[in-house]
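In structure tokens below, several structures.
Across the two complexes that follow, subunit A remains constant while its partner is subunit B and subsequently subunit C.
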Partner chain A sequence: QENLDAQKTAFVLRKAWTLYSVTPLYGFRRGRLRDYARLLSAFIAAEKQKGLAVEVGVELDIKVALSSLADLRGSELDQAGLLVQLSSRSRASSRNSEDKLLWSGWFCSMFGDDLSENVPENFTCLPLFLTHGAESYTALVGSWFQKTFDCCFRRLAISPLNLSWMVAMWAGYKLDRAASAVELVFSMPRLSHPLDISYAIHPEDAKALWDTVQKTPGEITQGEVDIFMDCLYAHFHRHFKIHLSAAKLVKVSTGIASAHCDGIVKILHSQYLPGVLMLLTELAISQIQ
Partner chain B sequence: MDETVAEYIRRTVLKMPRDEIKMMLQKWGFLSEAQLQTLNFHQQKDNISQEVVQLCEENSAGIKQAAALDIIYNHIYQNKRMWSVYQMKKSGEEEEYFDIADFKKKFKGRIRSALKNVTITFKEYEDNAIWIRVAWGTPHKKPNQYKPSYVVYHSQTPYVFISASVLKSNLPLLCQALIVASNYRDIREMELRSHSLNSLKDIVFKRYSQNFQTYSPKPVQGWNVEPENADRRIVHENRSAKERIHRLNQESFGCGPQPKLEFAQYRLDTMFKSDPKMDVLDKKEPFRCLVKFSSPHLLESLKSLTPLGMADAPLSPLLTCITHKARNYFKIREKKESFVSP
Partner chain C sequence: HLATSLPLPSERDHLRPRIDMVVFMIDITSKYSLKNVETSLAHVDANFFLGKVCFLVTGVGRVNACSIETNAVCKLAEAYCSPVLFCELELEGIRAATAQRLLRMLQICAGHIPGVSALSFVSLMRNSNDD
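Now for the complex of A and B:
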């Protein structure tokens, strides 16, 4: 499970992905990917005719590709990941120019046993959906999947509680080369003049703090995350007399990955990709159940 | 008319909001009132700018005039730029009479002696502000009009406000020219930056209401309005607490409106201290952090934290010292029990 093929998963890294939870897909057949691609392509063309697809130039021809990501799964119980890509080839261009990737979205389950265990046959569990590209394409692809497989998509917001888990966990990971700071961004939006606070800690110092807090390697408890956060709050309060705990944690960022409360993540390091995806799968499943 | 000048004028007009173009052209004064009358300001901006360029062609506009138009735009939209503050130091002599012509001559002379390809433009405003626009070239290239540096100098003060272009390498030459022209000995950059030029002026010219105002609490009124069964001591506590917070806020921030800053940044190089019972980090080296506060109006925002209970009153001196220390960039080290900012 540890070493996913770096080449196959390179497309995931360093992009901002918008997160959704997806209920199980009914009647999905792995063997019919080509058919699905054709059907989705026709659906998009039809919607364009109706004038519903905006941001798409009239001359653009949308090509749809669906593929399986055999590597993107945690255990044998997980379904393999499913990648959807929308590319354009301008009809106007006479030379055989390369297709331009317009939008990607992929379905994934990383150790999502909690969900797949309890689901009847004929349902495929891929609870996490990640998109990169214009919102209008996401809406198109989403509607087609909803209609075809009777599933339901919902934006996956990330609570401050989960963000603090992420920052504590990721701050503790070891990185060989010089890492970027461990940054927490807080917002106080309801003041008459809204205030944002960025609190960035040197990665070595953040890791040193976490290492003294975490008692059992490989295991993290809510208590430990709370202590870690309380330490950071206390250090801040000592200097500024401000109670950071009263502000809303909206974004966390480390050398491993960053996450925003609106459900947007960026993963920077392939080494920890399974761990991050596992956490996100868990969040998606909680939202579904 | 030079094609590059025409294009530059066209692009400058395009930047302006449509309903302000006439006013800016009038301020510019290069086109006659009769010429301005011929312009249709109700059409697309693209067309307006083309027509303006036509008229400039008739008047044979050169780069000097184009630069003057750019200053007008940037003076009105000064808050789109990021300004840094520099302080100049005199050699200790008597205050000399300031001669604007002499200043301009020396400034241009100093810059041109190092770099021939520059466009230097001056404009004086009523508030004694001298605006200087410098477009920089290289020994082999004409000046880049699209990335000029702006300097605002109030001759009665030792302060200069600079909105440098992206070409930072020209900054030393710019600074040198300023001290030569103004007869100062030295210039240093202050740790104070903002988009609001006026607020920076308020801070360094001390035009805001200062701290340490005395505040006399109003006599507590309306005891009778409280619900009958409320514990009077609790109500009194609340009121006292509120008044205390209000008074401390006044002492920290003063009564008047705060200068408008958008951010403050603190590099913390202090120790991490915790309750020994918590059994956490106990390093001998500093816990290195970088904290950045941002808000459309930072000081008012910080002021509002204590009444809401989001911060303890009085607010930390690290925050309340921003205006009287005239800085919003800090490096904080530990010194015994208190913090020092070098």
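Now for the complex of A and C:
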């Protein structure tokens, strides 16, 4: 796996990103980023005028910046990532005050060859979109992109099946320093009052379990993930007489990253960023297709 | 007759009518339901697998709540030479249509349809696998 420039990708770490899948963008020109920033800025200002104000009572000048993330790509076939940032400079503050970052969103494709291989010319494939910030800004930016590049955004939910894949994979990664516990959160179905069960496992125990299950390093099969999860379920049942396999897995957390079924991820470690992004790109592509 | 797992309690054996068909229900949101079915299958007499067993996968409308791979269910059904039906019980139309299909299958399994036996299900399945 390539080692991404830690400084350039630092903005990704330790933030909760909301995931979307995006269909290919039509007519996107990498050289026109400044123009696009200007157009998006004008669009946001116009929407504010229309009364669709994002923040009531606060006068904000919204500054838009678009930049390429050359490092955020997997193979040569991938498009470089695209970062969109909305910052504010309050009119009341002095000339020297710094812009405050209000919202960021970035498009990326990490080994998304399955999609980019099959698109006609003039389409740019960046199937994964991650946002951090108010939902109202996400809606504004999203609708501008949809209008301008004829693409479609959809929230990317993560099924329990995919969450278990993630926890098995991430629990097996080696971490240099002391890692946090591997945690799985389950939601119990069909109860009058919602009940969540949090199952925390010592990271070394989880890694030891995965090491006995995984046969080929670098390769993971569904069968291996099933065995890993079955061991965890069996252990829990032995102690608490509850079948976690009948509940819905809603969130997984490891020292590498955490993911929630509503399509929210947090990546904690730059070393495994490409792997995590690759998995998320795959999920985004299967939602598109 | 509904049961949460097999084998059926032996105390009621003498009161039970003849069993013409067994439908194993698998909830796609529950890994446990698949495990339960796998264990229960062991208690079914081999003769039933000549067209009198069917797998019914429910909850397929909720793609984002999947805890089981549909591939795994299809492989299981293939191993037991039995058909799989997919449905979403929450939708009335699909629920009614599925019930009608099962009823039709049951009529055949019970021998109420002249000229068609449960064995035809097995041969029908083989044809679709050849595609």
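Convention: the second predicted complex is superposed on the first by the 283 of 289 C-alpha atoms of A that agree within 3 Å, B and C clash if a C-alpha of one lies under 4 Å from a C-alpha of the other, contacts with A are read in each partner's own complex, and residues count from 1 in each chain.
Here is the rule we go by: a contact is a pair of C-beta atoms (placed from the backbone, for glycine too) under 8 Å apart; a residue touches a chain by one contact, two chains touch by 3 or more.
It should be emphasised that the depicted structure is a prediction, and the values quoted were computed from it without experimental measurement.
Legend: residue contacts after superposition of the two complexes on their common chain; A:C151 is shown touching neither subunit B nor subunit C. Of the two partner chains placed by superposition, A:L83 touches none, neither subunit B nor subunit C.
Number of subunit A residues touched is higher for B, counting subunit B against subunit C.
Applying the stated contact rule after C-alpha superposition, one finds that A:A171 touches neither subunit B nor subunit C. In the superposed pair of complexes, A:M188 makes contact with subunit B only, with no contact to subunit C.
Of the two partner chains, neither subunit B nor subunit C is touched by A:I285. In the superposition on chain A, contact is made by A:K241 with subunit B only, not with subunit C.
In the superposition on chain A, contact of A:S198 is made with subunit B only, not with subunit C. Of the residues of subunit A, those at positions 243, 246 touch subunit B in one of the two structures and subunit C in the other. Listed in rising order, the residues of subunit A touching subunit C in the complex are 157-161, 164, 189, 222, 229, 233, 243, 245-246, 248-249, 261. Of all residues in subunit C, only 29-33, 35, 63-69, 71-72 touch subunit A in the complex they form.
Across the complex, subunit A meets subunit B through its residues 181, 188, 191-202, 205, 208-209, 212-213, 227, 231, 234-243, 246-247. The residues of subunit B lying in touch with subunit A in their complex are 266, 268, 270, 272-274, 278-283, 286-298, 300-302, 304-305, 308-312, 314-316, 318-319, 332, 339.
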